[in-house]
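You will see two complexes here that share chain A, one where it goes with chain B and one where it goes with chain C.
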Partner chain A sequence: MKITVCIGSSCHLKGSKAVVSELQQLIADNNLKDKIELAGTFCMGRCQEGVCVTVDDKFYSVSPEKTKDFFVNDVMPKVK
Partner chain B sequence: MNDLCADIGYLSINHAGEELCGDHVETVQQDEGSAVIVLADGLGSGVKASILSTLTSKIISTMLASGIPVEECVSTVAKTLPVCSERGVAYSTFTVLHLINNEEIEIIQYDNPLVILFRNGKNYDYPKTELNIDNKKLYTSKLRLMENDIFIAMSDGCVHAGTGLTLNFGWQRENIIEYMEAFYDVGFTAKTLSTILLDECDRLYEGSPGDDATVCTVRIRKRESVNMLFGPPANRDDCNKMMALFFSKEGKHIICGGTTSSIAAKYLGKQLKFNLNYEESDIPPTAELEGADLVTEGVITVSRVLEYARDYLSENSSYKIWSYKKDGASQIARMLFEDATDVNFFIGRAINPAHQNPDLPITFSIKMNLSSELAECLKKMGKNVKVSYF
Partner chain C sequence: MRKFDTKVQHLKYKVLREVARLAWKDELYEHILDIPQTIIPGKVPSMRCCVFKERALIGERVKLAMGGDKNNPNVIEVISDACDECPVGGYNVTDTCRGCLAHRCEDVCKRGAITFDEHQKAHIDKSKCIECGACAKVCPYGAIMDFKRPCERSCKVKAISMGPDKTAEIDNEKCISCGACVYQCPFGAISDKSFILDVIKFIKESNGNSSYKVYAVVAPSISSQFTYAKLGQVITGIKELGFHTVVEAALGADIVSYNEAKELVEKGFLTSSCCPAFVSYIQKFFPDLAKNISHNLSPAAAISKYIKETDPTSKVVFIGPCTAKKMEFQKEEVRPYIDSVITFEELQALFDSKELDITTMKEDVLDNASYYGRIFARSCGLTDAVREALKEQKVENFEFKPVPCDGIEQCRIALLKAGKNMLDGNFVEGMACVGGCIGGAGCLTHGEKNKAEVDKYGREAMEKTITDALKTIHMIKDGDK
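Then we have the complex of A and B:
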């Protein structure tokens, strides 16, 4: 599984750094380093909805506060 | 013409409690490759010294640049300077560095500490000829320039640093040579080298200098171009034209901006590789692209570079950050301030639809201002700057 976080200008201002570091932490805590690839990208063209995150090809809008919920509800169930 | 050029950088610290500096550096650029640089140290400190040194450096640099012989310049200065009512003399020492076609340097020295020359990493004792003008003893030298020569001119405030405080007799010219020799190979700019020496003087003075101290460094180096691409073109159809012009330029290539880097990646037929390492910085991470030397985010990164550029032109305190950090803004700063002698900007004027949101502090005018202000700062650093808009 590949999670891609936008690190472009708008998402950066909306806290992509915090989202990235929290995801890194959550992946490490759950021992999922072999299963989840965490990547960055520049602008996805949906700055209004930032921080823009995709899981494989599905789009999610994630804020730093919602990162944990996102991980528990949208990422964990899909990891086998 | 050869492919050498001169990187000139100077800085002063003031006598404790004085608002004005009694030292003054004046540079006159004659044409590409020739310049006259005068470092003058006025008698005393404060406003009187400032007037003396400003007049001296201005008169000498203007006259020499017009081709008038040094004898006449010196006697003009002697006749023009106002006489100090307390001391009954008019006096300002000076050092002249005259670069000719980036091939030769003429050094004229009157009573300042002798100019230090590092050649091939070592102190080089260059020949001097004594010249007597109106009972003033001057030293003149004429040398062929070599790549990586570093000339350091200073006022006596530097060699007196620490007298009676941290050291008994201040630190001598030999100590300064020893201290600065260690920085020869690092590749610091002339301005940063001047800053490093002055910081040490300030430290020896325990933060309250007993005299004005000024350092002016001239570094002889090969020309090097850096090209910077920032923003997509206003008209989509111009993408290929803009990329073709950008990538055909000699030198290093920096790409700033998300959309911009995607366009470049498509043009080159290569994949962008992102890394998520924030390098202990609040600047967005960089990316890699085969064919480009550096790929960064746009507005936030470039804003930081502009902050560093402004600081570089004034106090130059943030070189301690950008000279070693690995974030995008520091890397751009090193490439533009240290590596580049010529900078070509390729500025795209597209309006990013994603940024047209009142919630976002990014506007089109900010982007345009950033690039023009950065270009202005780089010109003030003495670089040849060309800006093309698309």
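Then we have the complex of A and C:
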């Protein structure tokens, strides 16, 4: 599984650093380093909905506060 | 609103704009011969002897706007017919000489080149004169002037000379592509080649960034440019041109300062690698010192490399103040990362070729880099950043002794000393342009406030430290492992 977080200017200002940081921690805590690849990209073209995150090709709008919920609800169930 | 420093820049801009305007519509080759008439209409000349010469020279400028002479590897070219063949006088005594008694000029001349006529007026014997300028400095009337050609005077590496037909010639073996002559020639007879057609092609063939994405990497000196609009509006304008997004080269500068600090501690002596003209200067004139050049990519190349890692099919265009970057991106080690380079002058032409009025646009954001990455745009910025990086990396037992140099003359002095192990310093920050990148030949305007503008832009960065700015990149890279 590949989680891509937008690190472009707009998402950076909305807290993409915190989102990446929390995701990295959650991946480590759940021993998923082998299963989840965390990647970055500059701009997904949906700046209004930032912080923009994709899980494989599915789009999610994730704020730093909602990162944990996102991980539990949208990432964990899909990990094989 | 004033957009350029000189009319030469304005003329170059008009040609670029027209070439771009036709290229967007795929009508360039159909209408290429009409461009001179479009730019120089009517029958009354405004710049030269006749409209026909003016139009012929526009034709030459069109060639440069389309990439210039493919057989000439240099990105800086002379338009021979535009060269006014200025007299090559060097130092000469003018009518202002009053035939005084003091004869300071004679006294200071070590070559005995000053003589006096029956009216006591000074003359310079050109067979003895070495053009040192000492006499001009001491004359109480300022009566002795340097009549050197502006191109030759601007070229601190002495790459320009007068050819057999009296027009200027560039020695490509010596030229470092800094562009000083481009900005200084009052007749616009020396110009940088333009790659705007490549950029337009990238944008068009991306099909609205669906086939691949086109990224703009902008130099931090942009903060001192386009002063008639807000920076956020410039960013919107760049996206309106068809770029997928805009990324700060300053984030690349954060990467560079972080790594440069490490390399400096490791090696003990380093010369910077940010300025491609400075790097070229060392390679051509101080080859023995080339081993000390930092192995880091330039900030533009470093961030472009990162973009290519995140998006391998992307096209990356660097937009900056620099003509030497046009040479740098063609180097083997940089070519995989940067696909093309344009200047701020050319960006203005691209905006206007699509009739984009950026002053009416909403403001977009540009914020990734730290204060330290952003101040790379001015002299001493790199030095400040490396000092900060050493501090953030908690380096102890290392004395940082920077030697910041802006302008080739200062660089030369530092390198001469370094070559003799007489330099009191261990880090040479070399910038070929006076003032740093804000003094670049591809800037629209050069002003005293530019440094303050860069510092202001630096302070506005959300990230205050280099480590913070790089945190995301570092986390993601670790995540890859």
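Heads up, the rule we're going with is that the second predicted complex is superposed on the first by the 80 of 80 C-alpha atoms of A that agree within 3 Å, B and C clash if a C-alpha of one lies under 4 Å from a C-alpha of the other, contacts with A are read in each partner's own complex, and residues count from 1 in each chain.
Everything below uses one rule, namely that a residue touches a chain if its C-beta (ideal position, glycine included) is under 8 Å from a C-beta of that chain, and two chains touch if they have at least 3 such contacts.
Since the structure is predicted, the reported quantities are computational estimates derived from the model, not experimental observations.
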Query raised in the report: Which of the two partners, first being chain B and second being chain C, lies in contact with A:V55: first, second, both, or neither?
Result: neither
Query raised in the report: Can A:S10 be said to touch chain B (first), chain C (second), both, or neither?
Result: both
Query raised in the report: What is the contact status of A:V20 with respect to chain B (first) and chain C (second): first, second, both, or neither?
Result: both
Query raised in the report: Between chain B (first) and chain C (second), which does A:F42 come into contact with in this model arrangement: first, second, both, or neither?
Result: both
Query raised in the report: When the two structures are overlaid on chain A, which partner does A:L32 contact: first (chain B), second (chain C), both, or neither?
Result: neither
Report summary line: Intersected contact list for chain A, partners chain B and chain C 5, 7-10, 12-13, 16-17, 20-21, 24, 38-43, 45
Query raised in the report: In the complex formed with chain C, which residues of chain A make contact?
Result: 5, 7-10, 12-13, 16-17, 20-21, 24, 27, 37-43, 45
**Report entry** Footprint of chain A on chain B - complex, ascending
**Finding:** 257-259, 261-262, 272, 274-276, 278, 282, 284-285, 287, 297-300, 352, 354-355, 357, 360-362
Requested in this report: Using the touch definition up top, name the residues of chain C that touch chain A in the complex.
Outcome: 209, 215, 235, 244-248, 307, 310-311, 364-368, 462, 468, 471-473, 475-476, 478-480
Query raised in the report: In the complex formed with chain B, which residues of chain A make contact?
Result: 5, 7-10, 12-13, 16-17, 20-21, 24, 38-43, 45-48
